[in-house]
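You will see two complexes here that share chain A, one where it goes with chain B and one where it goes with chain C.
Right after this comes the complex of A and B.
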């Protein structure tokens, strides 16, 4: 049985070059499906990685009650002090809370690729912000000076927007700001932002309200205590969230859309590819019906014929899957994309075609191949020997 | 037409192959309909933009407010017919999922610059005279079952009142319609006065201005004049035509057009192979039959036309079915894109693409049929 199978399969595969036209249908159909699927999934991956990286379980963000995002929240100066002094907040060596009361504003900057304006976040951060977010480190230039109109810019922002390189000037509200440093923060959401000293930014935007307070907790477990204290304080109306929860909520909408695109479009394309594969394999079987009948007549089993058709379908799909995955990797890996996030500002993220995605793309390809090969294989096995021979 | 039975028979000569090819093409056109539909729905806002209107926003970003006092200055400029303003209220109804596009406006001004919003005169008057009055779109009214006389509470995610709450109550006094574009019937307007008196911060500002110009050919000039008026003030402005404004906004979301084009390009590339190979095979198998037809007196051109008609029939049939399914499914996307119907130009585009596909995949086998040598073919 095994010997028969290998013999027929080898014969099949050797004859593929004679059927090269129809074989391309399977290969290309699957390659295209896999390429689209893998690249859209790479977008999903890149986006969720950006937002997942942003949070830490031992950090919490406080917004005004009922505000969905930082941009729509407002917190008074008195309240920020109450929040930072709450139990559960970690203190540094000199006994001050590791926390940052912040404001966000939006500035329109031209996108590098299209030249059209995009909303970029300018975040005013407190003195302890770098202690609070140790993942931020300056990679070029220097940190901004407090009380001077200086900004630092995230690495992702530099790649996507014009006019934010070190040394460039940004004007808003009749104030002139200089970009003095570039920072990296592990590719998280803050890397798409500009940051400056909170008091200077507040005064430039003529505001006196903060928008969020982010605090470092003693431990992830201290969250409950911190939250209870703030939500029971009658002078405060605030929402308290762990950072990862907050950022997960922010990305829910876009994640849903991207997943819909990946599996909706990818799924429909896969169905199309299955029809293509069925067509190819049926015509492969009918082109070889005489050969198959002859083999059956001289004693080869039906099982061996089934396997041979199956192997051919799988092999062609595998080639298609590999081509598709390679194309997605070649064209899209490392690309940067930006879109409007929940804060009405741009989030920059990197497309990463991970080995995991490549493998799942190839699994999809095999799945399509199996479905496309199944019915033709059964038909090949059921081929009535006498009729097939006579027809020739 | 009399050859139709012949074409039909040729098409169904190999049932399985024709069905699978048909389904492949159908799936491709289903995708075409859905993706192009979404794309054109997004672009519709741009295409329908009014040439008479300019939008003035803060030069920093759309989220920064402008002083209310600017209005009188803009109104006094030459070339300006009317000025209105709106602001972003950002509320939801009962649950954050029920987001409602809500704008505080000055009724007489706003409905003057947006003549496409149809509101009965008595309702406009009621709107002007009711402090807590609100005018809502017909679609929004249907969605929540709101009627004139209803009291609607909304929770703003931005604007608090002096008492610290963000719950605002409104009385529905009117329902507007937009016969030219039903997708615009989901907004909620209320009195700016009520808004400005009620909010605890940001008093005396508006989100953006809408300027109606006297002569559309002068819009660039008027825009420049407005921006020059406020240059070097603390509230510099950026004035664009409505079309530029919408385009810039779409570009913020991402280049939808590009993504759709990429995907469709890939799909049709694969389809070209699938359909092309089917047509090739079908002609190859029928060489003797075609030779008989030629012997019977069919001319070379007739053979060419016959095969091309066959591929056209196949592609058109499948494309029509695919687009029909897309058309049926499209309303399901209403919550995502806000458009109810698959835009008609997409269907026309689809048919054109189908004809193109038919020609490209049919021409090689058709040429072969045309050049067929009867003696050779019959001997084979």
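Right after this comes the complex of A and C.
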């Protein structure tokens, strides 16, 4: 059986140059499907990772009860003190809580690539913000000064938006702000933001209410105690979430959409590719019906014919899958893109075409090849030998 | 000599839509081992159908088909394929060579169904090509061969596994007279010198003259000659 299959498969493969046009239908159809699938999944992966990297299990974020994102939340000054003094919040050497009451606002900045305006988050942060988020490092320039209209800008924002380089001036709410530093925070969502002193930002936006309080906990296990205290306090109506849970929720909707795009659009394209493969393999079987009948007459078994058609469909699909995966890797891997996040602001993230995604794409390609080869293979096996010989 | 092919009361019908057509009617024939039989008759007389039954490419609707000591009408498709590989060499009108394979690779095909080693297969292929006088064209592909040479390669392929029976369907139908005579001489030589039993379908009375017996079919029945060839 193995010798028979090898012989027929080798013959089939050698005849591909005579059927190069129809063979390309499988290869190109599958390559495009895999490229689209892998690149959209890389987007899902990149976006999820960016938001997942933003949180730490020993940090908690407090929003007004019922608020799904910071933009729709408000917390009074009195309440921020209650929150920061709650049990479970880590204290610094001076006994002060490591926490930051913050506000976020949206400003429009031109994108470097297109020049069109896109929303960017301006975050007002407290004095303890860098202690709270040790992942934030100033990589160029310096930290902003309190009570001065100065901003630091995330590295991802610098790569995506114009006019945010150190020394640039940004105007919003009729106030002029100077960019004095650039920071990195491990590629998380904050790296897409501009940050300034909370009191100065509040005054520029003529607000007196904060939108969130983020606290460092004594340990991840202290979360329950902290949450219990806040949610049972009758003076507070707040939602308390671990930071990773909060950012996972923020990415859920977009992830759903991107997954739908990947598997919806990819699925439709896969169906198209299956029909392409079916068509190609039916043509291949039809073009070789005399050869198949002759081999069957000589004594080659139907099983060997079925396997050989399958192997050909699989090999062509594999070539398509490899081309598609390579194209996705070449054109999309490492690309930085931005999309609208939960605060109606842009989140900048990196597309990473991981080996896992490449393998998934190739598995899809093989799946398409198997389905595309199945019916033509059955047809080839059931070809009545005498009839096929006579038709010649 | 003992009969190597024996058909008893064979009926073969085909269904085309709602119509059933009986192609062979209660046919009984016997062909002795070492015989060279020409099956003749007008188009539609059932000669290719009969040849397909003898070669195990088709099954009768009724009746018995015994070839090479086996009741082949009762074999499954898989068993028939193995039986054909062991007992039958086919020669077709249009040669049916694999266009992408060289002459020697074409001839080697039936040997891939045996347990012979690569070296043994090579030796047998060379022997078969030598018998048909084409050892020097072993590396050529079918497109590089003339019609007569291609048919010789096809005969070498039919011979190479040393089958019990050679089944030839219009082997000279695509060749000019001179080349056809060369092929028929070759078949005659294989019959006389190598003892091969040959059953050949032909329209050509001159081709039939090379056979030792002729069976004439008309409307699915033997009309002339002997049922015991």
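Everything that follows uses one rule, which is that the second predicted complex is superposed on the first by the 392 of 392 C-alpha atoms of A that agree within 3 Å, B and C clash if a C-alpha of one lies under 4 Å from a C-alpha of the other, contacts with A are read in each partner's own complex, and residues count from 1 in each chain.
Definition applied: contacts are C-beta pairs under 8 Å (C-beta built on N, C-alpha and C of every residue); 3 or more make two chains touch, one makes a residue touch a chain.
For clarity, every value in this text was computed on a predicted model and none was experimentally measured.
Engineer: Please work out whether A:367 is in contact with chain B alone, chain C alone, both, or neither, and reply first, second, both or neither.
Structural biologist: Neither partner.
Engineer: More chain A residues touched by chain B or by chain C?
Structural biologist: Between chain B and chain C, the winner on chain A residue contacts is B.
Engineer: Could you look at A:263 and tell me whether it touches chain B, chain C, both or neither (first, second, both, neither)?
Structural biologist: So A:263 meets neither chain B nor chain C here.
Engineer: Applying the document's definition of touch, where does A:172 land relative to chain B and chain C: first, second, both, or neither?
Structural biologist: first
Engineer: Looking at the overlay, does A:299 come into contact with chain B only (first), chain C only (second), both, or neither?
Structural biologist: second
Engineer: According to the stated criteria, A:3 is in contact with first (chain B), second (chain C), both, or neither; which is it?
Structural biologist: Only chain C is touched by A:3; chain B is not.
Engineer: Per the contact definition, I'd like the list of chain C residues that touch chain A in the complex.
Structural biologist: Interface residues on the chain C side: 48, 52, 55, 57-58, 77-78, 81-82, 84-86, 90, 92, 94, 96, 98-101, 109-110, 112-113, 157, 169.
Engineer: Write out the stretch or stretches of chain B touching chain A in their complex.
Structural biologist: It comes out as residues 16-17, 20-21, 23-24, 27-28, 30-31, 35, 59-64, 90, 96, 155, 157-158, 160, 164, 166, 201, 232-236, 238, 247-248, 251-255, 263, 266-267, 269-271, 273-274, 277-278, 280-281, 336.
Engineer: Under the definition above, what is the set of chain A residues touching chain C in their complex?
Structural biologist: Residues in contact with chain C: 3-4, 7, 11, 14-15, 18, 290-291, 294-302, 385-386, 389-390, 392.
Engineer: Residue numbers of chain A touching chain B in their complex, please.
Structural biologist: 21-22, 24-25, 28-29, 31-33, 35-36, 64, 66-69, 71-72, 74, 105-108, 111, 114, 116-119, 172-174, 205-206, 209, 237, 257, 265, 268-269, 271-273, 275-276, 278-280, 282-283, 337-340, 344, 346
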